[in-house]
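Below are the structure tokens for one structure; questions will follow.
In this document, chain identifiers A, B and C correspond to the written order of the chains, with residue numbering beginning at 1 in each.
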Amino acid sequence: MRRRSFGSWIWVVLGSVYFFLPLAASFLFSLRKLSDHLSFEAYRGVFSDAGFFLNFGSSVRWAAITIVASLLLVVPTVYWVHLRAPQFRRIVEFITLMPFVVPAVVLAFGLIRAYARPPLELTRTPAILIGAYVVLSLPYMFRAVDNGLRAIDVRTLTEAAQSLGAGWATVLWRVIFPNLRVALLSGMFLTFAIVVGEYTFASLLAWPAFGPYVVLTFQTKAYEAVALSTLSFALTWASIGVIQWLGRAAPGQAQVAGAR
Amino acid sequence: MAFLELKNINKTFAATAAVEDFNLEVEKGELVSFLGPSGCGKTTTLRTVAGFEIPTTGSVVLNGEEITKKAPHQRNVGMVFQAYALFPNMTVADNVGFGLKVSKKPKAEISKRVQEMLALIQMAALGDRYPHQLSGGQQQRVALARALAIQPQVLLLDEPLSALDAKIRVELRTEIRRIQQRLGITTIYVTHDQEEALSISDRVVVMNAGRMEQVGAPYEIYNYPATPFVAGFVGTLNQIKCTVVDAASGVLAHNGQRIKTDSLIEKKDGQLTVMLRPEQLHLGVADEENQLKGKVDHVAFLGSIIRILVRVGDAILTLDVLNERGHTLPRVGEEVTVSFPPHACWVLPGP
Amino acid sequence: MGRSSSDRSGTGDARNARPPRPGSSWVWIPLLPFFLFAVIFILIPSISIVYRSFEGPGGELTLGNIIELLNRRDLMLAYRNSISISVVTAVGGGIFGFLLAYAVTLGGLPRWVRSFIMTFSGVASNFAGVPLSFAFISTLGRVGLLTALLNTILGFELYRAGFSIYNIWGLSLVYMYFQFPLMVLIMAPALDGLRREWREASENLGATGTQYWRYVALPILMPSTLGAALLLFGNSFGAYATAYAFTGSNLSLATIAISAQIRGDVLYNPGLGNALALGMVFVMGICMLGYGWMQRKASRWLR
């Protein structure tokens, strides 16, 4: 271990340069709207465009709905699997891994094919987009809640609470949820970051969202588009930074996100 | 000159001295144990022989050659680790043959030697198994075979049995000793279990807080402890606080009851501690012996031994009595007399 | 486990008053909403893809779509490109990621460097899609920062020399940005799992550092590494947003081809589109299965 340090430092430096260069370039590029000096002109342009608030607002809305839907779907399910139905664990886990086997484009393709006509013409409603987003968020929500529940040994806690006289509602509300708070927050922040930055579903399923808006902007206003993507990156950084900080007790978990 | 010499070994980590002034000469074919509580420096000292630690000062000489700064892979000492450290991607046979493979011995020779080693540890049929398919005891035996396959000059064992069940531990330590004696290999054995150390060693080094407390044969260490630490650490020990009544004739008193000892008492008055081993005490009255009256506090049936705790004054004495069928166990609360001969007393100055 | 019969006195709301014991046949009922969701949004679309791949224009069962797919040179090229780019980024990202993971775990660096790299890898592996593409265009595009720097400082004109970020190889460079940290995230814990005693035992038995790596460490790490490489491959193969943000439909990749079908950019042929999608699911399925198998093996050894 003693003699290796030098080579290791080289790698770390190289790696850091590779990571930071595009970010720095992106930021600098966004400052170059006025060709003679650096300014935040592009950002001013961003915020003065009504389309920004419309699309970003839409994405935030989708994110909020997705988070709620995902929580409602995942938390009781995982809780139940831990508590009473451990034999269903593998199939539930398998379902949550589907987004890795069925990439976003393919799922979009399948959803459109399946639901583009009556009787189930979901493509006319945002339900199809929310559904797609929830599918995308499943792996992270599941993993967050699963780890959270595992860390607190749900069965024992539930039994202890019940032996002391608590009913189901009390157990869930006062015992389980407070202990899951950190895990849930992690899942929520990640979902938020994913949905806001997402492009594939939004563009293919044809609903207003931030992702397609940025791409569209690039075609006419390159600087503004890069400014937007810098903002988007800052948002992702912040969300994931919060998650890393929240989840500092649980290292070594590879979180792979969608929206590639 | 001894086969293995550790001269003035000192090892300091940051500001703490892990090992201080360690000196030992080990004869060829001897099994020496390093015995002591966690953190006493026994593993660190072992690792200086293996080459995983370089002593801050001092030297290690093996068979006349100074190896203090030599790289571990050039020393030809075999080590058995507490956590077995078998290579999970190799079969038992490949594990055992690893040392020979890296020194580029011919395949036929490796194969023959592996078979020999497996026979030695009585696992000849399990050569194709993988470590995760073996029990803890089996894995440790493979680790031993692996270390011995390279025909090392010294065998080092770092708490090899700590991770195993009690029963396996007893079986395996006997087997290790048997193999060691059969091969006549110089061995250093590190442990915190004094029963283990006493039962298999030629000599025991008792260590505490980085220093050597005593070196000697097991019988010596147990019956003639050199320091209070050794007396307390090895075996169970009764300690009775007494006051001096008559230093010349060796008479002391505890809570009004007299005790006669054979030892020379240097202090004229004041407090002393008398130490007694549980097996030297017995219930009942006996002539020519010291007698202390007390009350039975607790009786524990340990199988071959019955351990009786008797409250004498403000001290609780532990007595070990051999089990006998038909014998009635004393009751808690019973008034009894504890007897012991004067020569059983070992006196320490001070409270 | 399970409540005793004396507890069944009707406490709590009606539905939960008597929760079934494990193994009882009603225990799956609370899982129904989740399964229903999975059926609607995952199972049905997937099955529809599979089914319609084998559906001819008149509704009959046929292999025609698959055959047509295999005959379409442009689509086969798209698959080939996707596979190329995935192999390159899996291998490249794999090697560099492994080396960086090694540097921060066993490389003798201070603890804070590892934390920093791991956090950043966590962020960077998620920084894909549109923002990443634009960041690279800002760096290595025709008017990008690095392109300009190379020109002014070294007099080297990148694009004149034949480099372009707007093709498959430029895209590979972009994909590396999230492949490389993903590898770090997977390999760092695996490298942690290399017990110190293995190295010591190997040294003790006479092996040099090189022999240790050759006979012990690399073989032990092989399942994790291969599994990670498979994951990287799948990750790259299914990527869409990053590629599209670059040049729209101009790049020939499998994912782009499928999206073209959705958008109706090319001659609309439902069966073909389905076959394309099926092909993708097939490749991804193999990747995930391989990854799962490798993971199981790795966890057995690195326990």
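Criterion: contacts are C-beta pairs under 8 Å (C-beta built on N, C-alpha and C of every residue); 3 or more make two chains touch, one makes a residue touch a chain.
Predicted, not measured: the structure shown is a model, and the values here were computed from it.
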(request) Could you tell me which chain's Cα centre is nearest to the average position of every protein Cα atom shown? (result) C
(message) Can you tell me which chain pair comes out on top for contact count?
(response) A-C
(request) Would you kindly tell me how far, in whole Å, the mean C-alpha position of chain C lies from that of chain B? (result) 55
(request) Express in whole angstrom the distance between the two chain centres, defined as the mean CA positions of chain A and chain C. (result) 16
(request) Would you give the residues of chain A that are in contact with at least 2 other chains, written as numbers and ranges? (result) none
(request) Send over the residues of chain C in touch with two or more other chains. (result) none
(message) Touching at least two other chains at once: which residues of chain B meet that condition?
(response) none
(request) Spell out the part of chain C that touches chain A in their complex, as residue ranges. (result) 1, 11-13, 16, 19-23, 27-28, 30-31, 33-34, 37-38, 40-42, 44-46, 48-49, 52, 96, 99-100, 102-104, 106-109, 113, 117-120, 122-132, 134-139, 144-146, 177-178, 180-182, 185-186, 188-189, 192, 231, 234-235, 237-242, 244-245, 255, 258-259, 261-263, 270, 273-274, 277, 280-281, 284-285, 288
(request) Please name which positions on chain A make contact with chain C in the complex. (result) 1-2, 4-5, 7-9, 11-12, 15-16, 18-19, 21-26, 28-30, 73-74, 76-77, 80-81, 84-88, 92, 95, 97-98, 100-115, 131-132, 134-135, 155, 167-169, 193-194, 197-200, 203-204, 211, 214-215, 218, 225-226, 229-230, 232-233, 236-237, 240-241, 243-244, 251-252, 254-257, 259-260
(message) Using the touch definition from the top, list the residues of chain C that touch chain B in their complex.
(response) 195, 197-198, 200-208, 211, 215-216, 219-220, 300-303
(message) For the complex, give me every residue of chain B touching chain C.
(response) 50-52, 71-74, 76-79, 81, 83-90, 98-99, 101-103, 132, 143, 146-147, 150
